[in-house]
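Okay, so subunit A shows up in both of these, paired with subunit B first and subunit C after.
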Partner chain A sequence: MSKPIIATTSLAGCFGCHMSILDIDERILDLIELVEFNKSPIDDIKTFTKKCDIGIIEGGCCNSENIHVLKTFRENCKILISLGECARTGGLPAMRNNKVTVKECLEEAYLNCVTVDDNPDNIIPNDEELPFILDKVYPCHEIVKIDYFLPGCAPRADLIWNALVALITGKPMDLPYEVVKYD
Partner chain B sequence: MSPLINIFKKKSSTSNVQSIIDKYNKDQTRLMDILIDIQAEIGYISNESASLIANQLKISKVDVEQTLSFYHFFSQKETGKYTIYLNDSAVAEMMGRNEVAKAFEEAAGSKFGEVTKDGKIGLFNTSCIGMNDQEPAAIINGVIFTRITPYRAKEIIQDMKNGKAVNEMGLQSFGDGNNSSNYIQSMVSNNIRRKGPVIFSDYNLGKSIKKIVNMKPTDVIRDVKASNVRGRGGAGFPTGMKWEFCRNAAGDQRYIFCNADEGEPGTFKDRVILTELPKLIFEGMTVAGYAVGATEGILYLRYEYKYLQKYLEQVLEELKTANLLGTNIGGKNGFNFNIRIQFGAGAYVCGEESALIESAEGKRGEPRDRPPFPVEQGYLNKPTVVNNVETLCSVVKIITEGPNWYKSFGTKDSAGTKVLSISGDCMNPGIYEIEWGFNINDILKMVGANDVQAVQVGGPSGALIAPTEFDRILCYSDLSTGGSIIIFNSKRDLLKNVVLNFMDFFIEESCGSCVPCRCLTVLFREKLLKILKGNGVMQDIDDMISWGPTMLSNRCGLGHTAANPILTSIKNFRPLYESKIQQNKLFDSGFNLQEAIAECCEATGRQPIL
Partner chain C sequence: MAELIKFTIDNQDCLAEKGLYIVEAAAKNNIYIPTLCNIPGVKPRGACRICSVRVNGKLMSACTTPIADNMKIENNTPEIVEMRKIILETLFVSGNHFCPACERSGSCDLQALAYRFGILNQRFPYQFPSKSIDASHPKIMKDHDRCILCKRCIRGIKTEDGKSFFAYKKRGQTLEISIDTELTSQLTDELAIKAANLCPVGAILLKERGYNIPIGKRQYDLTPIGNEIDHLEK
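Let's look at the complex of A and B:
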């Protein structure tokens, strides 16, 4: 049987969840024995080259590019996992939801913020190459179907490891209390 | 005109606030009354007022603010010289409430939730005000306006612009019965359509008092128990047993509460009983006081019925004069009982007895954890009986006519009669006192309802019943109800106009203490909106059903029943849901990229690229 194929991405996240994946330390050597990686920042494969078994999503969706990537993951992966609080709930970026408008966000970032020191024409970037900011930050399951959720900010490396091993081997997941943390 | 109904609101002044605080002896437990009076006199409760109250009552400012922010009719900002509270219940909408709202907005030049720029007119929505039989209705500076038309709304706003007093705004005529009495003078109608043998039968003032002064209190409880009368608020707890628990609980003082906080949309029976038979209610409270050994009674009255205050206070005076209240009642030494009126300030959850007690103590109306039950530790932690208006009225007749007489009405497990508040699509909305045991078909015939699609029994917290179940019987063991019956004909869009409205109601009225009641109700509504928008899938229906049992982990009845509009309509009207979902899809989040980026396109002046 060929090895299961994993893809990962970070949307509106901080890459902390990916750091936590790397926190499995030397077990990464075992992981490489168990699985093959496809599109992922870990191996720097930029686009899907084949259909995958497991897609791991870090971060929620704050712009149109996130939506596009997430939908591509859904099309190419049999199972999708929301990894961490931003993917599960929108997380920290979602603090702007229902509080400030997109306009206020952009104005604060590009016009009013104390660190803006060189924008004499008061330009808010509008190049057509840029993604569009969404009206609010969405958790992934409000965009596509998500099969599993792993909580934590970031989730413990042991939680990620246990979950992947359980998923790959089909054995029950080991979920000791210390491993499941929501903060 | 009651002095508490403010025709013209005065300017804020510290001396007014101080005199109100002094009027209630700086008593922490009278915080509700203090806030109500300030709201009425000044029009809002300012930050300074809150500080002064906290300082004088020797409580923290947060304590004042949490009560202040809990109730719908308290405001921390100015609400206008004229404040219009327009009912937004489902039946009000059926009767044209939205057109009336539009007329108010157009004429005033401002939106609901706002005050006009000149500070003159404030427009606000409010939950059911107990006028379902004469909608659309509004409370304007404490005066009730019923059957408002868009034309009438424009007239009212014009009168306001001309500075007319609210009570002079062209009332065509006063309502029937005591509504036209000097102390009420309201356009509200009673609409009593059917008088039954218990509540609306002949009443001889004081007859039960004359009888009980020659009975031992325990014998009074024995008779009440023997009658099998059960609580009329909806829960149906045996009244005699409640009284016995209270009598046997340890305590140096006991209290009798009459729960007149009927907030269940579609219920208005207490309004009519309070208008026509207040003495019967107060006599019932006095009997209860004698039976359990309480000397103080409190009528907890919803703020929406404040227009009855002056009248009810007058009735209490009359009863004192007749020696039916006060000291040595009925000539019996040591039989002392007094009643005061405690107003709420707009919160449905205060109909729950422990929330009602919290509110009467000046706090947020949050239900308590039980046990201890109010009969052991209720008002001010003393043993307390909370009975519904109708229950207390029934007790008087049970005492005068005997338990067996009472048991001769109704069914085996549900003795006596029930006063129903019937509204919606029927010829004769109003008050009907029937014996338990009527089925829904009997009722529809009685009220003149044709082409009926559904009947909501027991208000939003009850059940939405389909024609296949119209042979079900009104009684505690089948269709139990606090009295609200709302009829919908086949032209009504049940999901959009009824179920969604009821969910909005529960979201608004949840006290927010228990997580499922605070959050899951919102998620239920989101799912319903998704289905109504055409993005629903079968999983959405299954999800909602699976969430149902979680609601039972809430603390009180509101929380237990807050998803009933959706759960009972899925159960009884599943095809309505299934016809709106996408049969060919297993998943649809309902996310719309074009809508989600519209704001960004506008802010940056870009064209959307999808």
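Let's look at the complex of A and C:
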């Protein structure tokens, strides 16, 4: 039997969850024996070259590109996993939800913020090539069907390892108390 | 010696003194019934319903119901566990519980209960409410988006002559906790610390405190809530 294929992506996240994947340390050598990676920042494959078994999503959806990538993952992966608080709940980016408008967000980022010092023409980027910012940040499962959720900010490396091994080997997942955390 | 009463919880024979509420009587028999709004030693209110059990087939809150002879209590059944998960998930989606950005994370009762019940995700849509943050008080700040309206602060923080520092204001979806404007100057450091500790979530926080306990050493990092009662983990 061929190895299961994994794809990963970071949407509106900070790459902390991907760092946590790498935090499985030397077990990454075992992981390479168990699986093959396809589209992922880990191997820098930019587009899907084949159908995948497991898609790991970091981050929620804050713009139209995130939605597009998430839907591509749903189309190309048999199983999708929301990894981390942002994918699962919207996370810290979702703290803007119902609090500030997109306009206020952009003005703060490009015009009013104390660290803005080189924007004399008061330009807010608005090129049609740029993705649209959404009205609020959406958890992934509110956009597409998500099969499994791994909480944490970042999720503990042991949680990611246990989940992947359980999924690949078909054995029940080991969930010790100290690895399931929301922070 | 007080009169002992016989009852069963999940078919286990139990004994406890007359006059105790089910939550307390269960704890005496090393059985944990989860609570959020309950404060030991203060008159219970049954506000959060997380302690709901079936008593002789009927759903009742275990913190407000005194034990009686031959009560048949169901506590750890699939139906009750699922209902408690639903209550917890409802509380999570109805507020803004961004655990990574909360100083109470790791010592939060709501979070600890979700850990204990193994909740990995919420089945309901997030509401992302937009209530205010009130940082006007010199000692404490209140984040109303985190408040679960359990009334612990109202019932537990009082002046020497029994007046509550905290009270509800507004109604329905906009209901929130406010501090009595006349009593507010009497809130001592000691009472402010008590209020912050009494809050089961991060809705009342002490100012100038921040993240003062490192990850790994916080109350529920390694030990589940209720472990002192039923020794779930060694």
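Basically, the second predicted complex is superposed on the first by the 183 of 183 C-alpha atoms of A that agree within 3 Å, B and C clash if a C-alpha of one lies under 4 Å from a C-alpha of the other, contacts with A are read in each partner's own complex, and residues count from 1 in each chain.
In this section, a residue touches a chain if its C-beta (ideal position, glycine included) is under 8 Å from a C-beta of that chain, and two chains touch if they have at least 3 such contacts.
Everything numeric in this text was worked out from a predicted model, so none of it was measured.
Q: Superposed on subunit A, are subunit B and subunit C clashing or fitting side by side?
A: These partners clash in the superposed model.
Q: Name the contact category of A:I133: first (subunit B only), second (subunit C only), both, or neither.
A: After superposing on A, A:I133 lies in contact with subunit B but is clear of subunit C.
Q: According to the stated criteria, A:C153 is in contact with first (subunit B), second (subunit C), both, or neither; which is it?
A: Once the two structures are laid over each other on A, A:C153 reaches subunit C alone.
Q: On the A-aligned overlay, A:K181 touches which partner chain: subunit B = first, subunit C = second, or both, or neither?
A: Only subunit C; A:K181 stays clear of subunit B.
Q: Would you check which partner chain A:S82 touches, where first means subunit B only, second means subunit C only, and both and neither mean what they say?
A: Second partner only, subunit C.
Q: With the two complexes superposed on chain A, say which partner A:C113 touches: subunit B (first), subunit C (second), both, or neither.
A: Neither partner.
Q: Of the partners subunit B and subunit C, which touch A:I124 in the superposed model: first, second, both, neither?
A: Only subunit B is touched by A:I124; subunit C is not.
Q: Under the stated touch criterion, which partner chain does A:L92 make contact with: subunit B (first), subunit C (second), both, or neither?
A: So A:L92 only meets subunit C here.
Q: Output check: A:E142 vs subunit B and subunit C. Expected answer is one of first, second, both, neither. What do you get?
A: The answer is both, since A:E142 touches subunit B and subunit C.
Q: Per the overlay, which chain contacts more subunit A residues, subunit B or subunit C?
A: Looking at subunit A, the partner in contact with more of its residues is C.
Q: Tell me which region of subunit C runs into subunit B after superposition, given the options 3-11, 111-119 or 165-173.
A: Only 165-173 shows clashing C-alpha atoms.
Q: Using the superposition on A, tell me which residues of subunit A are in contact with subunit B and, in the other complex, with subunit C.
A: Comparing the two interfaces on subunit A, one with subunit B and one with subunit C, the shared residues are 136, 141-142.
Q: Looking at the complex, which residues from subunit A come into contact with subunit B?
A: So the residues of subunit A in touch with subunit B come to 64, 67, 101-103, 106, 124-126, 128, 132-136, 138, 141-145.
Q: Within the complex, which stretch of subunit C touches subunit A?
A: Checking each residue of subunit C against subunit A gives 96, 98-102, 105-106, 111, 114-115, 118, 120-122, 125-126, 128-130, 215, 221-222, 224, 233.
Q: Which of the residues in subunit B end up touching subunit A in this complex?
A: 586-587, 589, 591, 593, 595-606, 608-609
Q: Which residues, counting only subunit A, touch subunit C once they are in their complex?
A: 82, 85, 88-92, 94-95, 97-99, 136, 139, 141-142, 148-151, 153, 175, 177-178, 180-183
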